[in-house]
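Below are structures written as structure tokens.
In what follows, subunit A forms one complex with subunit B and a second complex with subunit C.
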Partner chain A sequence: MSTRPVAIVGIGQTNHKSKRWDVSLGGLVREAAFRALEDAEMEWSDIDAVVLGKAPDLFEGIMKPELYLSDALGATGKPMFRVHTAGSVGGTTGIVASHLVAAGRHKRVLAVGYQKQSEGNAQFALGSGQGASMGAGGAFAPYMRGYIHRSGAPEDIGPMVAVKDRQNALKNPYAHLKIENISIEQVKASPMMWDPIRYLESCPSSDGACAVVLTDEEGGKAAAAAGRTPAWVLATAVRSEPFQFPGRDPVRPAGAVDCATDVYRQAGITNPREQLDCAELYVPFSWYEPMWLEAHLIAEEGQGWKMVEAGDTALTGSFPVNMSGGVLSSNPIGASGLLRFAEAALQVRGMAGEHQVEEANVAVAQAYGAAAQYYAMWVVANSLDPFGS
Partner chain B sequence: MRTSHERGIAEVTITVESTIKFPYKRSLGPVIGPFMTALAEQRFIAIRSGSRVICPPLEWDPETAAELPRDFVDVGPAGTVCTWSWVSRPTEQHPLDRPFAFALIKLDGADTALTHVVDVESIDQMSTGMRVAPRWRAERLGHITDVEAFVPGEEAITVNGGVPGEPVTMMSYDASITYKIPVSDNTIKAHEATAQGRLVGLKCPVCERIYARDRGFCPIDTVELTDDHEVELPQRGVVTSYTIITPVQYPGQTETEPFSRVMVLIDEIDVVMMYQPLVDVPVEDVRIGMRVAVVWASEAEKADAGRPGNLVGWMPTGEPDNTDPSLANRIM
Partner chain C sequence: MERHTAKSETQMLLEVVSGAVDDAGITRADVDFTCAGSCDYVAGVPFSFVQNTDAIGAWPPKSDSHVEMDGAWALYESWVRLLLGDMDIALAMGSGRSSTSDPAILYPMEMDPFYLAPLGADHANLSAMQARTLIDSGMLTERQMAEIAVRTRRDAKSNPLAQVSGDFDVEELLAADYVNAPLRLHDMPPITDGACAVVIARADKARELCENPVWITGFAHYTELHNPGMRDLRSSTAATLAAKAAGVDEAPIEVAELQASFTHEEPLLVEAMGLGPEVSVNPSGGPLAANPIMATGLVRVVEAARQIRVHGRHRTLAHSSSGPCLQQNLVCIMEGD
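For the complex of A and B:
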């Protein structure tokens, strides 16, 4: 990119739960923001602009929450931006914040994503307030059945992903679902919610928030000099496509492939599987892991499920995926994309604690939204030139 | 959904009126919670922020975002109107059913204003700087409407004493919005066609893709599609994919049992109609390859103004299944 380097120097998130009724909405977003500011060793007054992302207003019934939350997020007298890209919004929020720094417009930007699902109902909101809502699971089930049919993947692949992500969540103190000793048998015995997706192959409904502090090259280098490794944003990309047209392929959407192609090109990545050390992908339903490994060019077409089957995507595997426990373990929708982006940054900073991947130097994060039609990705690394170009 | 015809001077516009409503919840947190609790006790509390007293209280300094110590102070009950706006024609969502004023009221002892209602008989009784006091409701829930309204004067009108109850931590908020959207000509034509028992689409002149009659454009070629592009569609097809939905219960949900939605690839042309309902097919019988035909609403069903359309769904034709593997899992 012919723009200025961007460094991630602060990351914070809430303890995600089905109900965070101990805090107000302002208190929830501030919990994440406090942790990000503390990590960045900054005060509210150090922040130049705030970018806020969340799912559509129907979820909590608060119109224009970016105005309602401006003072809670220290944006009084500062620019406040709202981002709308459905489920991918957290990812896009991080990208918009990075662009404000990359363009030289602001020096220190706070990106925040949140959802308080317990205050409304996701099925209601996704059904536009009408009856007979299919929800995300119902809408995506045919896509996943299409993947299974096309790839010939064995039926245990979905349950394997569900188990793997929940095992990772046990190592993440912020994760919502903590299912000790979860097994493939237990997943397969859980109710079929949206054939072929079972209850334990689906994401939970969560309350939670995530915050990220981004700054410029000077700020990043200062953090590094102080012993706080920044994550450098090597590349960002977003794509979208219409929700429906004859011939659209939602199993391998052109928008996803184009987004991945673009982000790898910018980052100087020609072989994602080899040059990336791990990936944090938006997987709200188990089968999306192999689908997205393929659509985002980490696996060859039809080969994604083999990475799952071989254990490559496990925390100790050759290509760990969703080290945090992923969307399958915590799903505050508006925060979910930013949580993916933040986890990739935590990994390359070496700050992921028990779910740290050894020698994670370069990581990719991805989020998608609506009818699997919005895509957002970024590649982060612990140096500005990880491939020694 | 209801269709209404509104006649303007120059043109006829058809609009559809929709209402969506939902009982949202709010967790109040460590500052608004005590404020609401105090309302139930017929008191107002504020919070100190430096040299200022803020009411309603906030968890943070609104200018610096600094977390505030929980230093609460009683204010009011009387106060001064800082500014106001007269509502001459209240709607059912307004707090009073007669004309009233919304006002910013600085309660005695506070440095910031509270938005509330002033109940007076006419606009002539309103003035900036006037003194007002709360009229409390007999039934109080720990909600801002525990104050029914402010009225002119210095004395609060209290009811049933101030018995301390349980701390208020949650609030319910019944949101409702009714809106009218103009209906496009293509949507009207789509309804007219289904009313005649016709299944029609619009064919893009550039890429020849066929879209639903109400789509009105090709997103690939950004071409507007109009009456000139209408094509008749066969009323039979094959199920190429499906989903069985376990309904999650929410206010407004109309389903209680698992229900199916299927993708129907229309015969002879390359169009998949997505997420279609099946009629009289148990969910365990839904399968790829099933041959189906359109079911139209009966005359009685058409007369039901609550019906969204005339295409009820699809029903098996009884023909043998189509086992062509290239059709299986066609989604769009």
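For the complex of A and C:
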């Protein structure tokens, strides 16, 4: 491998809300980027290249907005790269940025993901402006029903995940949804949207952005020497698979399993449940937490819901999941993947504040997209050799 | 390439991907990484690239990516991915069916939503302003622009994939009405449906697959300020930076395939990139002969590579561009053994 170590030294995000009408698109991405640069103790001029990720341009009505946003992101006279891999795009954005450093192309790269959903109507755009769309919830509901049928999970598992993630969000100053005293009863009393998914088991529609500064080994070590622990990118992996054909299993997609297998292999992880300290997974609808725990090999097949039921995935549990409050609490789609990737990095840097997991040395982050077809994952750690290999 | 195809974008990609892997003597299963470039707005559908996974044969699931940029940038991501060393073969693609939309409605949406889009500013009228700037500053004449059209259309006669080709007379072209003054129809690219695919491999694998691989020896891209009103339109800073970073001046370039979509962009780019009069520009006919948006840049790479592979040249250059008045520019330099 001619790959070089990559360190995350700056993380920033916006205060996510349903309508950030106080800022333009440029203002939104700059809010996140400023915070990331401040965290990295860098100036705009220190950045060598910018990678921008976002989900469909039809959501805001601006085609290829990286062109217009080049100015806001200080990319003038620099390379500006635009990624779009559906819901996984934020993850892919972080990965592409890390590869630019790992390949020795650039020393300091700024990765930015955003979505300003209030600028348009996502449901309308998902239907290409042609009329009705079943939306993401409608698309994923059959997969979740399939999971419940197969695993025999009790019906409270989904509401338990919804409550847990919203409780975590109360500890995250940037989270969009803040539902004080949320309870399983309250979740179960909320309207059924797409059986088995109720209103309070669904992600919100958010305006928000996330930015991450990645640098090389020298930059990472300099940050560490200055007392700012970097998160080292131990491994990255992506997978895509086609939409519909007999033999595809959308409940436990091969792409999800392969992506996890690949990223663990590269990171030297043989027992994910033991070697990972926490996980930040893309869970836009409650039942996806146990589904991903299984498809990403953290739990045995059919056993993921038992981790939820036992409270293992709570912030104080044995394997915390979605410490930030997750996609269920903030969902600026194009940023959602990068927010997962950034939260994993915050955890191993020990900078997650009230939602910090104790002794978080190694963390995995995941984002997925389209009809559960696109996967992006990375494993980060607070040292280059966390397993003492 | 054609004005309109009834084929879907996935079908177009299916053909070019099959062609590329066949040409490389491999199958889709041998490809370690795929990256596509396409645009939801051109397709008129959100997540339009998702269905294109059918064309790449993503089963078992593939390490795959997608850029909302020309396929030339998909090639860039693929190239960076191979630089990491753990994969040998990558497939880059670009595709677009421009025939299904009205450019005058579509392209203002690519511009600054506050200052440009509300004016209906699109490539046709912003490019006209740039051409006017070049003419007014004495750098170019409408006759020279027509001569470029005549040359590229003549050269395109030997390109079986060209959409606009033939022998034309400068006087006749200049007698036509303006479309967007000072641009006449011959100054502008055609509307084209098309796709392109390229297989790249790490050195050892490349030598295994073929006797005379074309080597990518320089690859860079840059952007600059978005609003054309804030730039000196007589040149392209981003093109200059990209050419320099790609190593254009390290050895002579014999052929340059430029994404000069308007006649006036050709001399501007030639000067911005420091290409001398000895460099043959767009022998394929360039984007004036066929302009499959989102693949036009990757086609330039293919044409520049063909100059080495088929015509025995040693060092060629491919260029791609995006945004108003050449805002974003990419340069890929290729060499033969």
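Assume the second predicted complex is superposed on the first by the 387 of 389 C-alpha atoms of A that agree within 3 Å, B and C clash if a C-alpha of one lies under 4 Å from a C-alpha of the other, contacts with A are read in each partner's own complex, and residues count from 1 in each chain.
Definition applied: a residue touches a chain if its C-beta (ideal position, glycine included) is under 8 Å from a C-beta of that chain, and two chains touch if they have at least 3 such contacts.
Please read these numbers as outputs of a predicted model, since none were measured by experiment.
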Fill in: Partner chain(s) touched by A:105 [first = subunit B, second = subunit C, both, neither]
second
Worksheet item: When the two structures are overlaid on chain A, which partner does A:61 contact: first (subunit B), second (subunit C), both, or neither?
Response: both
Practice prompt. Considering only touches as defined above, state whether A:370 meets subunit B (first), subunit C (second), both or neither.
Written response: second
Discussion item. Quick check for you: in the superposed arrangement, does A:259 touch first (subunit B), second (subunit C), both or neither?
Written reply: second
Worksheet item: Can A:296 be said to touch subunit B (first), subunit C (second), both, or neither?
Response: neither
Discussion item. Quick one: is A:24 in contact with subunit B, with subunit C, with both, or with neither? Answer first, second, both or neither.
Written reply: both
Item to complete: Mind working out whether A:134 is in touch with subunit B, subunit C, both or neither, as first, second, both or neither?
Response: first
Practice prompt. Would you sort A:76 into first (subunit B), second (subunit C), both or neither based on which partner it touches?
Written response: both
Practice prompt. Give one of first, second, both or neither to describe whether A:35 is in contact with subunit B, with subunit C, with both, or with none.
Written response: neither
Worksheet item: Of the residues on subunit A, which ones does subunit B touch that subunit C also touches?
Response: 24-25, 58, 61, 71, 76-77, 128, 242, 245
Worksheet item: How about subunit A: which of its residues touch subunit B in the complex?
Response: 19-27, 30, 44-45, 58, 60-61, 71-74, 76-77, 116, 118-121, 123-124, 128-135, 137-139, 141-143, 145-146, 149-150, 191-195, 242, 244-251
Discussion item. Which residues of subunit A touch subunit C once you look at their complex with the stated criterion?
Written reply: 1-3, 24-25, 55-59, 61-64, 66-68, 70-71, 75-86, 92, 96, 99-100, 102-105, 125-126, 128, 237-243, 245, 253-255, 258-259, 262, 370-371, 373-375
Fill in: Contact set on subunit B toward subunit A in their complex
20-22, 24-32, 58-60, 62-67, 169-170, 173, 175, 209-211, 218-220, 241-248, 250-255, 259, 261, 263, 270-272, 274-275, 328-329, 331-332
Fill in: Residues of subunit C that touch subunit A when the two form their complex
34, 39-41, 44-47, 49-51, 53-54, 58-69, 73, 76-77, 80-81, 83-86, 106-107, 109-114, 117, 220-227, 237-238, 241, 322-324, 327-328
